[in-house]
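What follows is a set of structures for review.
The following pair of complexes shares a single chain, subunit A, combined with subunit B in the former and subunit C in the latter.
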Partner chain A sequence: MDSIYNALCDIVDKEYCSNLPEEIYIYSYDLGTAEPKKPDYVVSPRTVEEIQKIVLLARDKNIPLVPLGGGLSLAGLAIPQKGGIVIDLKRMDSIIEVNERARYAVIECGVSQGQLISYLKKHHPNLTHSEPGAPPAATVAGNIIIHGQGDLAHPYGFSSDMVLGLEVVLPSGDIIRIGSCALGSGWFTIHPLPDIGLFLGWCGTTGIITKLSIKLFPAKKIRGTGTFVVEDEELIPEIIYKITHTQIPEDIIVYSRAIPPFAKGLHHITVNLAADSEKELEFKQELIWDDTLGEYIKNDLGGYLGFTKELERPQISKTSDYKKGGGFEYVGGIMPIDTYPQCYIRGREISEKHDIPYTVTARIIGLAHSMMFAWTYAFNRADEETIKKAREALYETDELVIELGGVIWKPGIYGQRLVMDRLHPGTKNLMKKIKTIIDPLGIMNPGNWELL
Partner chain B sequence: MTLNDFQYSNIIHRCFRCGYCKFPVDWTDVNNCPPYARFRMESYSCGGRLWLTRAWLNEQINWSEHLAEILYSCTTCKNCEIKCPLRFNVDIVNMVVSARAEMVEAGKVPKAVKDFLQNIELYGNPYGASRTNRIAWTKGIEIDRYNGHEYLLYIGCAGSYDIRAQKSSKALAQILLKAGVSFGVLGDEETCDGNETHNLGEKGLFELLANKNIKTFNKMGVSKIITLSPHAFNAFKNYYPSYGGNFNVFHYTHILNSLLKTGRIKFSDSFHKKTVFHDPCFLGRWNGEYETPREILRVIPDIELMEMEKNRSGALCCGGGSGNFQMDLLGGSESSPARRRIREAYEMGAQIIAVSCPKCLIMLEDAIKAEGMDDKLSVMDISEIVAKACNI
Partner chain C sequence: MFELKFNQDLCYHCNTQACLTKCKFMDIDNATAKNEILKIVRGEDSFVLHECVTCYACEEYCPYGNHPFYLIVERQEALGITPQPLPLVKRAINIGIPFRGEPEINEINGPVINLGAFSQLKNKIQGKLFDGLSIISSDERKMFHYFCQLMYLHYGKISLIKERLPNVISTITKHKPAEVICFHDECYGAYTLFCNAYGISVPFRPVHLFEYLFSRLIKLRDLIKPINIKVAYQRPCSSRLCPDKHLYVNRIFELIGAVLVKRQFSDENALCCGLTIQGQKKEGSRKRALEIQRKNIEDIEMAGAEVCVFNCPACFDTLSIKLKERNIIPTFMSDLCRISIGEISFNDIKMSG
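This part shows the complex of A and B:
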């Protein structure tokens, strides 16, 4: 008999535990190009107490523990590199509180993006959250833990900048709270207590976030997208600088793709605008398209493609079907805006070298303080050669990000090594100490951010 | 059998496993895929099933009872096809059915599936009940054997044998009699329509059933068929033509709606109940029919008709499709789709869940009992509601 399996079944209903080949197979894979690694067990708890008991079991038995949200990082961050227990957190899916006046939501870690969007629309139509455009099954917590960005990244920054409180199960089994919730107050602020920034960006290597409070923002009655197109990539940093100076848009994205062929080489700048009245919308449109971008139209440098009301959820999964192959992965680099031309040119070169139609996208973060530049590589899951090519392109792109002075966003194992090799020695040393103190046995998502 | 020989070998790898398939239309939750709602493991999601099928055909994993249960827990409700944004979405259920066919071919299906199919082969119904009892539901009313009538009323297995579903069969027949519709039944000559058999991947048995039914219908000169069950409606309408069976097929709600519109049935009683309509998958997502049942309900005197949050193409399946109304691979838990559905109806204040499918009727009735809500909520077939409002 498998004593660990039995122990897991004692903690969580047997139906939510497995050590059978079918679950082992499914949970060994990420959706991207990362090599699969088999877990020994899969468990799907429903309560913080169950999670705490699973952590204590893993600690006592010295077994790796890999927290999994939506499993949509595409970078293999929840692949059990050293086996152990994959803890699927999607049953932790309660929306605990929405505070309309203080504009925050307290949610469990398994709440999906789709679920929160739908809940707010129905119950709090005046509120919205920064929604990343990932498939709706992606979890809100997952996006925050990896320092994701959503459709309010321009005015309000990274999703992790919107955290107002956390509850975490530590590798010791202790449960902690961070922010005003630690005082038993509401979950309305993470400041001004001493900073304990130990859990965001660590990919589950320091603990399991079980609850979180996030900022919500006004949902305007009218939301829509306008598109501006230019041919010269060198113009992009200047245009972005000008648009962000207005502080008007909710979201700014620049993209260029090889498919469809007529659009190849063009740079589409999509600008999301929101307003509570037609008058407000008209004013904002005038400010962006006429006052800010009008000169490019007059000088035949760019064209306005029109404005569409209603935001359509991006269906990013369609990218996986470019080669009718069911797969894509991207490298995201947090880059200075003025690197856009190089990001585009060099990214296109990498794609063409590996015979992959190029797709690049940049989302503006803050007032052009940075951008998340994504180089996407589609592959055919049934063709090992295309997977290999995509993987090589991804590695080359990781290196490109570093070369161009950026920071790799949610790096996979390869990218993590590149980052760790270049980390300031003092920073690296502190990270090692933190990890040693907080997870001395190294059971939490081992293989990721392995500094020791 | 290898992946290369699989009918959908050129597309099965295209599932990205992004999870759109778990949602209803409005993203409320990830519980609109019945097996995923029940088990909440990725292996039971639509994407999980496709990836596991590919892994099995690729010999990355071996067949097991558990693998077969994962595959057979799919109710073929088509929520995945509605939600998947990729172009191969129209073939998702076909891939599942084809994978099942491979398991049938290899003689490797779960025991519940084997029993279900064996009973159909032996007795013409999945319950293993005697053919002579097929007519038991007509007790107390006089119904003609089909003999050149305008319509054949095809009741199907659930409506013939299940005690709860028999009541809806009876109500329907009584309405048709009262309206003076020319119809007859096959009685103990009726046999299973094969819809579930088809979707369980037993194509050989399905062919036998289809051919037998077509022969019987043709021999008797049947041209118009009214079905109680949307499952039979689907089989006759969509599967039988490839076997040479071309009939004018109506779900009974089509006929009732027409009888109401032409004044051939008239209401005499009030039905003052807060009522929601639960869309059956084989009428809704499979055949695009969402409005006819609602049109009937809207004109019921004093009814307070409400829409469930998950409705029409976003409706949550009761979990009874693909034989699960009998095999019950999704039962035994408060996470079972039928129990979730009952709670959804109760939470919005419904007193009655109206259905237009005997499988939904059985599943939801059982779920009400399991939830201990007998005194709070009832499930009624539209035929029963109409009969009640007509004081039949």
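This part shows the complex of A and C:
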């Protein structure tokens, strides 16, 4: 008998543990182009104590441990590069607290985007979180851990900027808390204690986040999307600068794509606006469309396409339909806004070189402090040649991000190496030391951010 | 290229100048109207070419059927005066490009209903009213092969219509339809009056949806129970291209026992939904569209309508949320007719609207 399997079954009950080929196969790949790698075991704990026991088992047996949320990063970040145990966190799905007045929610790490949206809509209709537009099964924690961005990224920044507290199981098995919750108080602030920024952006290589508190924001009665269309990509940085100067929108996205044809060679700027009354909404619309963008309309440089009282989520996944076989993956770069024209032009070139209809999308983060620019490549899952082309396009785009002075967002292994090659030596050295101290055996999601 | 059949003598000798004096969006007296329309006839610039909101209504106002609106669009294009900003023009041009392969052509040899570029509205052609009809353009991925192109009248791009429309007609003809019921009256206007005005050959018989519905309802008369719902009708711009079919609105309402409310903005006096106006280049267009929509919807509300009936999906999309905010249910004519023959209930359209 397999002693590791038996030990895992003792921790979580055998119903939530498997080493069957047909079950571990599912955990061997994600929806992107990364090469599949099989884990040896899959386990799905329900409590932090169970997670702690699994970590201690992995440490004692020196087995790799890969935490998994929704498994929707597309970048292969939860593919077990060196086998071991995949720890599927979806059962950790309690919404522990929502504080209406202080506007925060304490949730477990397996709570999905769809679950939180639905819960808030039903129980706290005046509150919302920064929703990334990912499939509903994506976890809130997963988006935060990879420094994702949601539909409130323009006013409030990265999703990870909205963290107010964390509970983490370290590779040693110790459980720690960060923020006001560490004092036994409420989970209302991450400041002003000494900063322990060790767990966000590390792809689960420094520990397993089990609980987190996130900021919630006012959900206005009317939320909708207006669209402005521009042909000249050189105008985008200037227009974004002007729109963000108003500090009015909730979300600003720019997209251009070859399919459907209406979007080809054009840049659609979608602006989400929210208001509690028609009066407030019209005030905001007037400032954006008339006062800020009116000059572009007058000069034949831009056009107002209308406003719909529904939120339009960016649906990059629609790209997967462009080639038969339903696959897509994208490179996200956190880029200076001024690079938009080059991001667009060079992205089109890469797509055309690899015979893939181009799709680019940019989401504005902060007051135009940066944007997440996504280059998306469709492929046919049943056609290895198209997967190869998409993979090559992705690698070239990783390099483009670096060349244009950006930072690769949630890089896969290839992108991580590009980043590490260019990382400031002092920074790299400190990261190595941190990793060595926290995870001396290197059991946490090995293969990712390997600095040693 | 196809040339517009336009008789300029009719304009020189016209005493009404109805094309411009009746315009609901420009305040023009007879003398100015005469002067401006003759400038347009001569191919000169006119403020009308810049101010026109492209509501199509002058096509109906002209007492001689001399196609003043097509002439305006011809001149706008010739003089490079696009009512919409150039990026929106480019976007519109791109919309009509088919991109998901060729349509499957099946020979029907019977009556068909053509959904045009509205394949997503298949659920609006259900039940006994449509028994025995084959559908063409039922696949959203291929629907732009059936797109009548007349939308480009809003963009000062009549040449594009002339260039693309014959291919669309050819595609429809390949299905060998006995007659083609046009889901949207813009398609009907394209295959009848527009093609006639430009001498474009149409080898099939187009039928207006409302005329078809009326004839079907006559056949199903025994099933009809008066619906006694107070309705308003949002007349679309495209209806101005085939005003002779507008009378079927009243005929249908009478037949199904719908009570058409008395409004200020109906029939010849109807207001545009505002979709096209909101994006136009002229300063203040967005607010202008909002104001038109406000007047229109208040008129519907004050007249006591419970339901607003549409033919045009674009009008429906533009006004439906605003109507619902005032507890007026937006719906399509076919669904209203289905209530009368007991296929669906008033509550159904309330939910689906």
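One rule holds for everything that comes next: the second predicted complex is superposed on the first by the 445 of 452 C-alpha atoms of A that agree within 3 Å, B and C clash if a C-alpha of one lies under 4 Å from a C-alpha of the other, contacts with A are read in each partner's own complex, and residues count from 1 in each chain.
Definition applied: contacts are C-beta pairs under 8 Å (C-beta built on N, C-alpha and C of every residue); 3 or more make two chains touch, one makes a residue touch a chain.
Just so you know, these numbers come straight off a predicted model, no measurement behind them.
Student: Does the superposition put A:324 against subunit B (first), subunit C (second), both, or neither?
Tutor: First partner only, subunit B.
Student: Once the shared chain is lined up, is A:424 touching subunit B (first), subunit C (second), both, or neither of them?
Tutor: neither
Student: When the two structures are overlaid on chain A, which partner does A:16 contact: first (subunit B), second (subunit C), both, or neither?
Tutor: first
Student: Counting only touches as set out at the top, which of subunit B and subunit C does A:230 meet: first, second, both, neither?
Tutor: A:230 contacts subunit C only, not subunit B.
Student: Could you tell me if A:301 is touching subunit B, subunit C, both of them or neither one (first, second, both, neither)?
Tutor: In the superposition, A:301 contacts subunit C only.
Student: Report for A:279: first if it touches subunit B alone, second if subunit C alone, otherwise both or neither.
Tutor: So A:279 meets neither subunit B nor subunit C here.
Student: Return first, second, both or neither, reflecting whether A:289 touches subunit B, subunit C, both chains, or no partner chain.
Tutor: A:289: touches subunit C, not subunit B.
Student: Compare subunit B and subunit C by how many residues of subunit A each one touches, and report the one with more.
Tutor: The partner with more contacted residues on subunit A is B.
Student: Would you tell me which residues of subunit B are touching subunit A in their complex?
Tutor: 11, 13-20, 22-23, 26-30, 39-43, 48, 51-52, 55, 60-62, 64, 66-67, 70, 85-88, 333
Student: Which of the residues in subunit A end up touching subunit C in this complex?
Tutor: Against subunit C, the touching part of subunit A is residues 229-231, 259-266, 282, 285-286, 289-290, 294, 296-298, 300-306, 308-309.
Student: Would you mind writing out the residues of subunit A in touch with subunit B in their complex?
Tutor: 15-16, 18, 20-23, 25-27, 29, 31, 42, 44, 70-72, 88, 90-91, 93, 112, 114-115, 117-119, 121, 135-137, 315-318, 320-321, 324-328, 380-382
Student: Could you pull out which subunit C residues touch subunit A in their complex?
Tutor: Interface residues on subunit C, with respect to subunit A: 82, 84-88, 90-92, 94-95, 97, 99, 275, 278-279, 281, 283-287, 290, 318, 321.
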